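Input: structures, listed below.
Look for subunit A in each of the two complexes below; its partner is subunit B in the first and subunit C in the second.
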Partner chain A sequence: MKIDTVANSGYTVVSVAGEIDMYSSPALRDTLLSLVKKKAAVVIVNLKDIKYIDSSGIATFVEALKKMMAYKGRLKIVNVPERVMEIFKFSKLDQVFDIYGSIEDAANS
Partner chain B sequence: MENAVEVSNLVTYYGDRQILKGVSLSIPAGMTTVIVGRSGCGKTTLLKHLIGLIRPTSGTILIHDTDITAEGDQSQLEQYRKKMGVLFQGAALLNSMTLAENVALPLKEHTKLKAPVIDIIVRMKLDLVGLSGFGDFYPAQLSGGMKKRAGIARAMAMDPKILYFDEPSAGLDPVTAAGLDELILRLHRVFKMTVIVVTHELPSIFAIADYVVMLDNGEVVFVGNLDDFKKSEKPIVKAFLERRPEEVSYSPDNYFKIITGT
Partner chain C sequence: MAIEVTPIVITIPSHPRHLSIVRAAALLAAEIYGMTTAEAEDIRHAVDEACSNVIKYAYKCDCTRKITVKFQETQTTFQVTIEDAGCKASMDDIKIRELDEIRPGGLGIHFIKKAFDVVAFDKKKRTGNRLLLTRYKNMDRQAQK
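Let's turn to the complex of A and B:
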C-alpha cells in the first residue's frame, strides 16, 4: 500500500494506492490520525488506485470520521471503486461518509 | 473457471474404518458450493480436511494452489487459516466471553490492529448478521439462530476468502433456517467469497447452492451445478432428492457377524 498526502489551500488530499488490509491499514490510520491531531478541517481520501480494501480499512475511515466530527472537521471520500461501494451500501456506510466522484467535486462542496 | 479448492485422491481412515475412499474434486472460486450426502457419508470429515483440522492418510488438498496437506512447514497452513472462516455446527462461541469479545478474538490474536479499529470492525460484523446492540450479550443469553449468526460474525471477522459452514441449519426451526440461508446468500453476493456449506437439508441446498458435490459412502457420486444435480438420473442422487430411504438387506452371514462381533 502507498499513501501520498498533499496539503492544499483549505483541504488535504490523502491518495491511497494498492491494498488496504489488516496488515497495511495501521499505516493509513497513522496518516489520518496525524491529520486529526492537527485538526485538519477537510480531508479528502482518494481511493482511485486501491485494488482492495478490507474491514480494517473501512473501520479506519470510520474512526477518523468520528474523531473529525468531534471538532466539525469533514472527511470526504472520492473515486470509490464499484466493489467497495457495494460493501459501503451493504453496511449502510454510503449514508455515513461524504462520497464524491472526484477531488474537484469534493473540494468545491 | 478458477478453482478455490482442488482435492486429489483423498483417503482417510478412522482406526480400521475407511471414511474417504479416494475423493477427488474441484470447488470453484467465488461460488457457493454445497457438500451433500446422507449422515455418515464422509462430508463432515471432508470439511475437517478442507479446514486443516485433520490430515489425510494420503492424497492432497490445494487451496488456491497451496498444498495444506504438506508435511513439515506449518506456516502455509497457518496463513491459510487466517484467510478462512468457519461456522461450526454448534457455533463454537466461547461461553465466558461476550459476543463482541468472541468476534474480536481472531483480530486480537492475528493482527496488530488497535482497539478502536477492532471495536468498529466488531460492530460492523455484528450488524452484518443482524446482531447490532448484542455485543455485550453472552452466548447463553441467545437463541440458537442468534448463536449461529454470532458464529458467522466471528467467522467473518478476518474478512475470509473462503467461508465454511458445517450444517448451518442443524437444530433450527424452518423459518430461522431460511433466514440463515438468506444471510449466507447476501454475504456471498456482497463479499464475493467462496462459500462452502456442508448440509443435507434440501431446502438449504435449493436456496443457496451454485454448485453441488455429493458424497456417498466415502466416495464422490456427483459434482456439478445445481440444475444438473436436480436433473440427475443417478439413482443415488434421485433417492437423496426424493428422500427415499436406503434399502437395507443383510445376508444371514453378515447379520451373524454383526450380532456376534466377529
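Let's turn to the complex of A and C:
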C-alpha cells in the first residue's frame, strides 16, 4: 500500500493506493490520526487506486471519522471504486461517510 | 468436467504480510471452481477476514506460527478449511456487531457469512482450530437455504 499526503489551502488530500488489510492499515491509521491530532479541518481520502479493503481498513476510517466529528472536522472520501463501494454499502457505511465523485467536488462542498 | 478430489492446500506463516498470498489463492481457487467474479471476490474477502482473525485471536499476533488453508469442491459445494494451532475459539467468542451500529471492528464475521452458507468450527479438533466454510454451488443454493 502507498500513501501520499498533500496539504492544500483548507484541506488535506490523502491518496491511498494498493490493498488496505491487517498488514497495511496501521500505516493508514497513523497517517489519519496524525491529521486528527493536528485537528485538520477537512481531510479528503482519495481511494481511486485502491484494489482491496478489509474490515481493519473500514475500522480505520470509522475511527478517524468519529475522532474528527468530535472537533467538527470533516472526513470526505472520493473516487471510491465499485467493489469498495459495494463493501461500504454492505456495511451501511455509505450512509455515514461523505462520499464524492472527485477531489474537486469534495473540496468545493 | 469431473470434480477434483485433491484439495488445493497452502500454508503461510501467521504474519499479516502473507495475507495477500491467501487472498490471491482464494480468488483464483474460487474462479477455477466456477464462481463468478463477484462471488470469488466475496470469498477472497471472507478467507482474508478469517485468517486475520486467526492471527489476532488464535495466535494473539504471534507472527511465528502457521496457518493452513485448504480449498476443495464437491458436487454441491465449494469448501474452505482454515486450520491453526492457536488458542481454542468458538463461534460464541467471535466479536460481532449489528451493521447499523457504526463503530470500528466487528465486521469481519459479516463478510465471512456473506460469502459462505455454513460457518462452523470443527468440534472434533482437539488442539487449535479448524474453521469450516461451506458455500453451496448456485444450482443448489436456494434449496439449501
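The working rule: the second predicted complex is superposed on the first by the 109 of 109 C-alpha atoms of A that agree within 3 Å, B and C clash if a C-alpha of one lies under 4 Å from a C-alpha of the other, contacts with A are read in each partner's own complex, and residues count from 1 in each chain.
In this text, a contact is a pair of C-beta atoms (placed from the backbone, for glycine too) under 8 Å apart; a residue touches a chain by one contact, two chains touch by 3 or more.
Given the structure is predicted, the values throughout are model-derived calculations rather than measurements.
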item	value
Side-by-side fit of subunit B and subunit C on subunit A, or clash	clash
A:A17 touches, of subunit B and subunit C: first, second, both or neither?	neither
Partner chain in contact with A:V96 - subunit B first, subunit C second, else both or neither	second
Contacts of A:T60 with subunit B and subunit C, given as first, second, both or neither	both
Stretch of subunit B, among 40-48, 184-192 or 238-246, that runs into subunit C once the two complexes are superposed	184-192
On subunit A, the residue positions that both subunit B and subunit C contact, one per complex	21-23, 54-56, 58-60, 62-63, 83, 87, 90-91
Of subunit C, residues touching subunit A in the complex	15-17, 19-20, 23, 41, 44-45, 48-49, 52, 55-56, 99-100, 102-105, 107-108, 110-111, 114
Subunit A - residues contacting subunit B, complex	21-23, 25-26, 29, 54-56, 58-60, 62-63, 83, 86-87, 90-91
Subunit A - residues contacting subunit C, complex	19, 21-23, 52, 54-56, 58-60, 62-63, 66, 83, 87, 90-93, 96
Touch list for subunit B against partner subunit A, complex	107, 110-114, 116-118, 120-121, 124-125, 127-128, 158-159, 186, 190-192
